[in-house]
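Below is the structure I would like to discuss, written out as structure tokens.
Labels run A, B, C, D, E and F following the written order; every chain starts at residue 1.
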Amino acid sequence: MSVEINSLLHAGYSHPLFREWQATRSITKSALMYPIFITDVDDAKEEIPSMPNQFRWGVSRLQEFLGPLVERGLRSVILFGVISDSSKKDSCGSMADSDECPVVKAVKVIRKLFPDLVVACDVCLCEYTSHGHCGVLYDDGSVNNAKSVERIAEVSGNYALAGAHIISPSDCMDGRIKAIKSKLMELDLSHRVAVISYSAKFASGFFGPFRDAAGSAPSFGDRRCYQLPMNARGLARRAILRDLREGADGIMVKPGTPYLDILAEAARLAEDYPISTYQVSGEYAIIHASAKAGIFDLKQHVMETMHGFMRAGASLVLTYFTPELLEWLDN
Amino acid sequence: MSVEINSLLHAGYSHPLFREWQATRSITKSALMYPIFITDVDDAKEEIPSMPNQFRWGVSRLQEFLGPLVERGLRSVILFGVISDSSKKDSCGSMADSDECPVVKAVKVIRKLFPDLVVACDVCLCEYTSHGHCGVLYDDGSVNNAKSVERIAEVSGNYALAGAHIISPSDCMDGRIKAIKSKLMELDLSHRVAVISYSAKFASGFFGPFRDAAGSAPSFGDRRCYQLPMNARGLARRAILRDLREGADGIMVKPGTPYLDILAEAARLAEDYPISTYQVSGEYAIIHASAKAGIFDLKQHVMETMHGFMRAGASLVLTYFTPELLEWLDN
Amino acid sequence: MSVEINSLLHAGYSHPLFREWQATRSITKSALMYPIFITDVDDAKEEIPSMPNQFRWGVSRLQEFLGPLVERGLRSVILFGVISDSSKKDSCGSMADSDECPVVKAVKVIRKLFPDLVVACDVCLCEYTSHGHCGVLYDDGSVNNAKSVERIAEVSGNYALAGAHIISPSDCMDGRIKAIKSKLMELDLSHRVAVISYSAKFASGFFGPFRDAAGSAPSFGDRRCYQLPMNARGLARRAILRDLREGADGIMVKPGTPYLDILAEAARLAEDYPISTYQVSGEYAIIHASAKAGIFDLKQHVMETMHGFMRAGASLVLTYFTPELLEWLDN
Amino acid sequence: MSVEINSLLHAGYSHPLFREWQATRSITKSALMYPIFITDVDDAKEEIPSMPNQFRWGVSRLQEFLGPLVERGLRSVILFGVISDSSKKDSCGSMADSDECPVVKAVKVIRKLFPDLVVACDVCLCEYTSHGHCGVLYDDGSVNNAKSVERIAEVSGNYALAGAHIISPSDCMDGRIKAIKSKLMELDLSHRVAVISYSAKFASGFFGPFRDAAGSAPSFGDRRCYQLPMNARGLARRAILRDLREGADGIMVKPGTPYLDILAEAARLAEDYPISTYQVSGEYAIIHASAKAGIFDLKQHVMETMHGFMRAGASLVLTYFTPELLEWLDN
Amino acid sequence: MSVEINSLLHAGYSHPLFREWQATRSITKSALMYPIFITDVDDAKEEIPSMPNQFRWGVSRLQEFLGPLVERGLRSVILFGVISDSSKKDSCGSMADSDECPVVKAVKVIRKLFPDLVVACDVCLCEYTSHGHCGVLYDDGSVNNAKSVERIAEVSGNYALAGAHIISPSDCMDGRIKAIKSKLMELDLSHRVAVISYSAKFASGFFGPFRDAAGSAPSFGDRRCYQLPMNARGLARRAILRDLREGADGIMVKPGTPYLDILAEAARLAEDYPISTYQVSGEYAIIHASAKAGIFDLKQHVMETMHGFMRAGASLVLTYFTPELLEWLDN
Amino acid sequence: MSVEINSLLHAGYSHPLFREWQATRSITKSALMYPIFITDVDDAKEEIPSMPNQFRWGVSRLQEFLGPLVERGLRSVILFGVISDSSKKDSCGSMADSDECPVVKAVKVIRKLFPDLVVACDVCLCEYTSHGHCGVLYDDGSVNNAKSVERIAEVSGNYALAGAHIISPSDCMDGRIKAIKSKLMELDLSHRVAVISYSAKFASGFFGPFRDAAGSAPSFGDRRCYQLPMNARGLARRAILRDLREGADGIMVKPGTPYLDILAEAARLAEDYPISTYQVSGEYAIIHASAKAGIFDLKQHVMETMHGFMRAGASLVLTYFTPELLEWLDN
């Protein structure tokens, strides 16, 4: 009973170099985007208890924070605002694009300090609204999609004016990509500001530590009416196709590893676009916990997740492990 | 700037029931297979330190162990043998299918005790060989594929004769599905013993705790020449297609969550077959560690992974959380 | 007349980093394989007039030649034999796998000197036959395919026994992949020697300088009856599919840039396999001539071709620019 | 070990005529379009140093230049304007469609002299703007897409009024195909003036000699924000699909040989349209340099590139070798 | 109510040259194969009443007949034998490959007279059997497929030995392609004799005049049990795929125009192969009759059919209009 | 050398009934539409010399003409108008939809006489314009598409008001389907008048006799700028897709047999629509000439073409053989 010749696979991966050749794409520094938290306390460097080694940074400490990373090869960051003084929050998130918004200030500073660093701005209202929801609400507490989209587009325009290279709306409202693109055209910025849409963002339990970090938990209700149900492959596909139709320059899937199947689907549906994924706070915290418990070596664990993202089709990964990866990729 | 009508997705998931409707398939008790460790110490119940709540069981305690689970709805198990007395191991894993093999004995006992419970046998040599590799070796320590396949088929035949409903080879040798199927035909058992192939089994770091549990770490070298490289989508596809061509009745992807993209690929390639995935020991241990560290509620975490498996296309999940899931699915 | 929103592409590539994200795969050191000429004069280092900076090397100078490159990150080489003493050539290319063959000797030396370097052997008869054809001939001067395949398999087996990791038949005979794989199985080497087939090798004018280098021009006739006609997309597709069916571990398209369309086709047809392409001697010489004539900067020219290979789907590139690329990729 | 019958390919190309039958399409005179440079010095015939045998022609010498070629079977030309007197250039390229524009004058003359010759006009601003960019600029030096599209459409309309059969915009602005088509409808010319779009035009190093010829190098910056990144298969696909959606009558890929994979992709995406490719100035100069250096016979080299274009799916080739090809096709 | 821009098609074919660009392939001399009748009367030139301008030629007049055509560019012929002396016919068509067979003699003569002319031999038994059927019969008059295939392969081998470049079996027996290929391998001719299969040959009324020409009408019954039913798209597809699987080098569809849909299907199914079609005797006679009746100009009619063949995907056309086409293509 | 089992096709068509089963669809009376010429001489029955057995009928003789056919099972007709008095023709074809138009009168009569007979009206201007072109012209003699479309829609509306069930525009203007549909909506008739578009109508030589019949030859120029070039598979596909996009209820390919490949393409592209084809006047005349010349029996010839239409995918055939077919289908 001899083996069929074309059943023989072993030879094709019998040597470490052969195994590298099997990769459809390799991990590079330019594929990493570092998510950072900017607080409204300008000289702050505050620990985030649930996320080891991550801090909330004030604008005046960005040189200290980012300088060494840029030197090591950091190519892009994505900014999230943190408002420690809750009295500045209101129902429509006015702070989100005021001149005092830490994100607006940080964009300007970073563009000046590091002219070659790409700056993306996450756009959402939840860090700035008194109710902690991602949009503007009706009186009954449900989301007013039309008003929300208008506001999201307005904020996006102001981030673009401040100097953002990329607008990344994470709010999950229906129709916001078209609204943002239209706003950018109106501002004559549509030719140099790209829009990467959080198209497939799921109502996941992996976001817990982030809400700590950004102070953005909703004060009532939850986000299941705008973030996608975790079982919903069909809605995810429709959201991706919708955002392409509306003019998105890139697509994001979030969280990462627990939704690798959707990432692969995105890479197929949006085969002509850069595909990104966000290894979220929960994934980050768990990898640390797992290393601490002696279950899995941290570096090996991170690398296995990175291989997974590349294998599934990502061209860009948002990860809190960016500093470590910049080092590891040098060796 | 009004929203395009076909950009509106929110209504479709605005109610909890609507969100359930989005699922392509739901989680049921019949979709769970419980992996259990059978030791050669007949009356043992040994803790496995790296895997909370999991034990190595002796054959004489299977009634005590499985009885309550069967009552709760357990429909299938998969057996792994553990040889505590290393003097019984040799270079070709003779113990694997001897009458003294705990798996052989357990199959017979379980079939008698629980006539309706489906019994699958994992087939591999690593738990039984002195060198701890999954096949028979050449003198230079590399795997002799032809000899290994022959031995794997022989062991499979003996498990089938002992009463196994399903043969599940996890050894990753080239051509073993055809060999097993041929052996079953020779024994006139091919019409009632199914073969579920570990087609896409990756050389993953998530297997650590399992090796503790089964005492199966290789004494030298590693398994990278027969388990798939973790970046290799292409080899995984080829292995799945090969196993279908050779007659497999079902396909497995292992580990689970970190390879969801491959699970989705398998569901596409093998669309006419039952698709299974193995939530492995490392995934299990990490979910426990994460709960213990307060990052993610255990039940919610398990459920999010289960939703992922179903969304990606699994019809069968091998998971150590089977006992908990049998309970949760009742509520 | 306003512009349609989804007609706007500029933003998506308005920043250098955005342009990098558009790449489906990036160029890495592990993707380079360096083709080298081994002469039967053991201490030789002979200039190849038509190929600037390339030499024919004797076996005793391989440490001097390859040492610095391995240090810089060279991961793989492919060997071509050169027989300067034409009295050693005969009608069936006996020298090809004799113990005196420079390739056989070089494989052994390199494996000893650089244990981590992957060694591929080009397999063909033309460097060793008195008539300079790639196979064994009938009396009428046409190729005897059956005899040729038998001989090619025999040579392949001997290279594998000498230590080659990869066998790469460039002879274009019908059915040789199956024959080589069968020979490797017979020798119990099929699990650790991979076969990369020159599946789509065209009767191109770009091979001129190579024939100088290897002393392998046919003494009569040409190779149009076994190398593919340059217009033949259909035959190329059939040859690729045939070689996959016969068990190849990888596929090659040759030449490179002038057949990029076929490379893209290969990447589609063989999507589960590593895809390689050979930037041949003529392409190499022309890039040098173009730089010398001031038409195109050499580094930019090479990089544009490399981007092309990656864009079209290559995972492995055989190029004489490997030494330069190892340097450039460090900056 | 006999060869499988359907592995036998040799017979299918064993005779020169069989090899011709393998071609999916053959090279004909009607598939050639000759790119010519028209200067504002009416009686000029100026050598272009970087492009052997190519000249800038004044309008009054077109009879002498084109007469013999038309007799030999020339079916179409594409015109590029050259403004030697830089004082005639301004920020919006007014000269591009003035009555004094050499292209406008040449269209009229050629239509009168050679009524059966098809005349295409390349449409771009870079030969006419003081800054040398392909569009109208914002004050910050970046491209104003809306204004540029408007101007491109205006110029196109004037070339159509002068008698052009084909408008070929090479400017790469977003949305210009729709704008041009709308302008032609407005002028009641949309039923007899076709638009062939430079849809996939890459920011390539192969354009060097052209800039010499046309005097069109940008005075600052480069064209990377509107010409496609050379790694970007996805953007190229999107640009082709966009132009089809906007009403293009044909599609162009430029440069030719180094982007054959994209040409093949275009032939698939736009399978119902004539597909054209431009063998650009750098390709032309390099083929000459290669012949001069004795690497590759000029005619054989040109023919191998032409076979490549046809194989990849071109129905129309813009090439400076048109005069030679008209001769070669007669033999 | 304005017209949608992408509904505008007119411009794309408003000029005669634009209309030529729409062709996917053009008609060339190398795409023509001339079917000729060779009689056993060596010095004959006999009119065929039903086929104007076509004759049965004796072997000694082939110089006179073919010389001028070869000079005009004739590249290939296909030979049909005619046995005027019915006493030479028997039940197994022994004459078909005897040394006295006019086809065997003609092959030798033509190969000597015109070394560059490709010679194909139609292989069938009906011109040589006493019963006029295409195969060997059982006693009940039905076809003995196994015997027929054996005999067809034998005849094919003898034509190949006589010097035929191409074997073209028109007999429609099941499995004859594999048998012919095997015979050619046995004779060491498989590398230089190609097989073009009449894969989709229908039981058509358009064959009437041919039977006159070749004297091959069956003496009883008809050919509906081996020629395809004219309604049978499915059988035609299966026959094409079967012949590819069995090793055919090319595929034929017969008749031509009335089965253009099947020709297009063949071009899709066999996209990697040369596709041929046979404009049969009935089509030829009708075009003449139509011209004579003043319904349609002969040349225009022929050209419209030729455009149809090219449009549907033919790379090779067997047509009795070859002499006229050789002339027309010169103008 | 035995025959492969899956190479055996003969059995599947060895019996006449089996051969019928091979048909994907059969010929029925309901699939026939009879094209008839209505002249402005009310009591006329004029022979059409080039079309045996076909007449131009006056309105008052329609009972005599159609009565027996309806009795035999005629289900639908398509009407063409003939204006014998050329003084009634003008530049915009005013007669086309005047109350005196023979088509308008005939629709009303037929609807009254044969309430169950479906009446289609061919819509074109060429039978009614003084210049004989299918649209309204610019002063330079080229077609004014916008004006033509407007006029075609107006005529369509009037035929619908007169009682036509189907509007069939044969004019080939760009965008007329959308215009006709809009006109029908305006008239509140869009729910009961279907539009079958002559989407793929080629500039064929097979239309000669029709122009005699309808008196519609153009007085200058030809129709090549609006009827499709006969080589243009791409344009035909685009025209079909365009008409579907614009709302057509059915698609027509014309002529029939010489464009069977396009008919098959239409059946694929418009798989959800009824597909029709027109066996045109030239095809009709030639079948008669062929029968008269003794080449092919008329009935067998017609049936072979009908089998072809069905095989290629037609659901509706416009043929002048309708009366004969109604008879033949009864036997």
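Here, contacts are C-beta pairs under 8 Å (C-beta built on N, C-alpha and C of every residue); 3 or more make two chains touch, one makes a residue touch a chain.
From a predicted model like this one, the values you see are computed outputs, not experimental measurements.
A.B. asks: Counting one step per pair of touching chains, how few steps separate chain B from chain F?
C.D. replies: When the steps are counted carefully, the minimum from chain B to chain F is 3.
A.B. asks: Mind listing the chains that sit against chain E and also against chain F?
C.D. replies: D
A.B. asks: Validating interface symmetry: for the copies chain C and chain E, is the fraction of residue numbers used by both over half? Same or different.
C.D. replies: Mostly different residues.
A.B. asks: So using the touch definition from the top, which pair is joined by more C-beta contacts, A-B or D-F?
C.D. replies: It is A-B, judged by the count of C-beta pairs in contact.
A.B. asks: Nearest 5 degrees, what's the C-alpha rotation angle taking chain B to chain C?
C.D. replies: C-alpha superposition angle, chain B on chain C: 90 degrees.
A.B. asks: Distance-wise, how many Å sit between the C-alpha centres of chain B and chain D, to the nearest whole number?
C.D. replies: 59
A.B. asks: Would you mind pulling out the distance in Å between where the CA atoms of chain A average out and where those of chain D do?
C.D. replies: Inter-chain centre distance comes to 42 Å.
A.B. asks: In whole angstrom, what separates the CA-based centres of chain C and chain D?
C.D. replies: 34
A.B. asks: Where in chain B do residues touch two or more other chains at once?
C.D. replies: Residues 143, 145-146, 174, 225, 233-235, 238 of chain B touch two or more partner chains.
A.B. asks: Name the shape of the chain contact graph, picking from line, ring, star, complete and other.
C.D. replies: other
A.B. asks: Quick one: which chain pairs are touching?
C.D. replies: Here the touching pairs of chains are A-B, A-C, A-D, B-C, C-D, C-E, D-E, D-F, E-F.
A.B. asks: Over in the complex, which chain A residues touch chain D? Could you list them?
C.D. replies: 188, 190-192, 271-274
A.B. asks: Per the contact definition, I'd like the list of chain B residues that touch chain C in the complex.
C.D. replies: Counting only chain B, the residues touching chain C are 138, 142-146, 174, 225, 233-235, 237-238.
A.B. asks: What part of chain C is in contact with chain A in the complex they form?
C.D. replies: Residues 3, 5-6, 8, 10-12, 14-18, 20-26, 28, 30-31, 75-76, 116, 118, 165, 178, 181-182, 184-185, 190-195, 244-247, 249-250, 273-274, 315-316 of chain C touch chain A in their complex.
A.B. asks: Looking at the complex, which residues from chain E come into contact with chain F?
C.D. replies: Interface residues on chain E, with respect to chain F: 1-4, 6-10, 12-14, 16, 19-20, 22-24, 50, 143, 145-146, 149-150, 153, 174-175, 178-179, 182, 204-206, 208-209, 224-226, 228-235, 238-239, 242, 245-246, 257-265, 282, 285-286, 289-290, 292-293, 295-297, 300-301, 304-305, 307-308, 310-313.
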